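Just so it is clear, A, B, C and D label the chains in written order, and each chain counts residues from 1 on its own.
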């Protein structure tokens, strides 16, 4: 069910925070989505494909999901693995895995973006440069 | 795809927070899972089925997912609808919907708990009183 | 050191969330600032003095502080009390108190906004309508 | 008002997250306290002075504060500088600074812990090994 590191192509390191741990002393299930959101957004921003306040195109999140295999806890840092799972005309499905210091993914998930026009909010075709970068992910 | 309020049986009101809005000015996709987590946990705590630090049984989250249909934004309050979707020997699948002031669900999702022994972390059968309460959800 | 409810003029109710509780089972110290931020921002938005993406003026936070008197915990809801503490040409100091279901403030704090031009980020005089509303707070 | 890096003795690196940015596109004022809380707690845990669920002594946060000098934004990572500012019988005041990639502190603050008995919640004297480690901070 879980997956090894080599099932992913790009890796984004994230430091955990004290308040990520909930009352059970483990990183709360919600925070894994902050890890996904951060890894995907950082990848897009670093390549110039997304900007919070500029550009014609923004990406809306339309679906996310996560399966949890073993608990993680602050202060252990995590690494998010990313890969492309599906590329449609306007939509991108990323596959994601959250790794602790060692072992297979503690959690795996997916994250679906739809490219939309910033002003209208209507779906638009994924621009060619982003499409090319994604096919290499 | 989305669902009306009457597709849910129990409702939990949540006030939104300024920082729920991300740089796009909408409630960030991650926060919907905080809404799910809060609604489910509040339901269990209010009925005496879960306690952060006491009791033999705790619930581990093993899978979650969400589909987003339209954006919401602070300061609008939300309501989370809950229903039972599946009840196994040790596992509970809740169906959840996040509603704004009006209209069908802005997002729908699911949340799967497994009852485990607090000390061993091993799955245990869901106790009869919790099973009964769930079948009425 | 702490203060009663009648030391405040405006009240903003906030529902707590499961993940507000940290590994010690109490609402984490950080979240009190989310309560302050939410109460102040909601007050400004509700009166038309602040908009996330429109208007010439935005408010930058330049100083905040909090003293904690007793722990609170999810699922208990909280109420934030607000008052004006100091009004300068461009700056506003709010006094804030976080209340549980009963008793004096569990925490008290302050929050200092400076009105700035959205484009330049330079301080501007607080507009007369906002100044008037603040003096009644 | 702000301070250079060499005003601090210990440094804790933190990766920022997409959702740290609020609707103004900057790291929200609240998150600086998550940075403080994380740096202090990581320092204590790494040296064996704090454990979420074990040990006779826990630390309660009784006061925090922050002044903000310039905005920071995801995806820029931050570094938290720490120093001891005051050491009482049961209380510890840490001085903290949040640094971006370059320049003086974008924000400075303080964080006051009181050592308490885990069971009673009553203040206790800071144990000698922790006192020694703090005097070297």
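As a working rule, a residue touches a chain if its C-beta (ideal position, glycine included) is under 8 Å from a C-beta of that chain, and two chains touch if they have at least 3 such contacts.
Please read all numbers here as calculations on a predicted model, not as lab measurements.
Participant: Please identify which chain has its centre, taken as the mean of its CA atoms, farthest from the centre of subunit A.
Facilitator: C
Participant: Is the number of contacting C-beta pairs greater for A-D or for A-C?
Facilitator: A-D
Participant: When the C-alpha atoms of subunit A and subunit B are each averaged to a single point, how far apart are the two points in Å?
Facilitator: About 22 Å separates the centre of subunit A from that of subunit B.
Participant: How big is the gap, in whole Å, between where the Cα atoms of subunit A centre and where those of subunit C centre?
Facilitator: Roughly 32 Å, centre to centre.
Participant: Mind checking the centre-to-centre distance between subunit A and subunit D? Centres are C-alpha means, answer in whole Å.
Facilitator: Roughly 28 Å separates the two chain centres.
Participant: Using the touch rule from the top of the page, what residues of subunit A touch 2 or more other chains?
Facilitator: Residues 18-19, 21, 23, 25, 28, 30-31, 34, 37, 52-53.
Participant: What topology does the chain contact graph adopt: line, ring, star, complete, or other?
Facilitator: complete
Participant: So in the complex, the part of subunit A that touches subunit B is made up of which residues?
Facilitator: 23-24, 28-31, 33-34, 37, 52-53, 58, 60-68, 71
Participant: Along subunit A, where are the residues that touch subunit D in the complex?
Facilitator: So the residues of subunit A in touch with subunit D come to 13-19, 21, 25, 34-35, 37-38, 41-42, 45-46, 52-53, 73-75.
Participant: Under the definition above, what is the set of subunit B residues touching subunit D in their complex?
Facilitator: Residues in contact with subunit D: 18-19, 21-23, 25, 28, 30-31.
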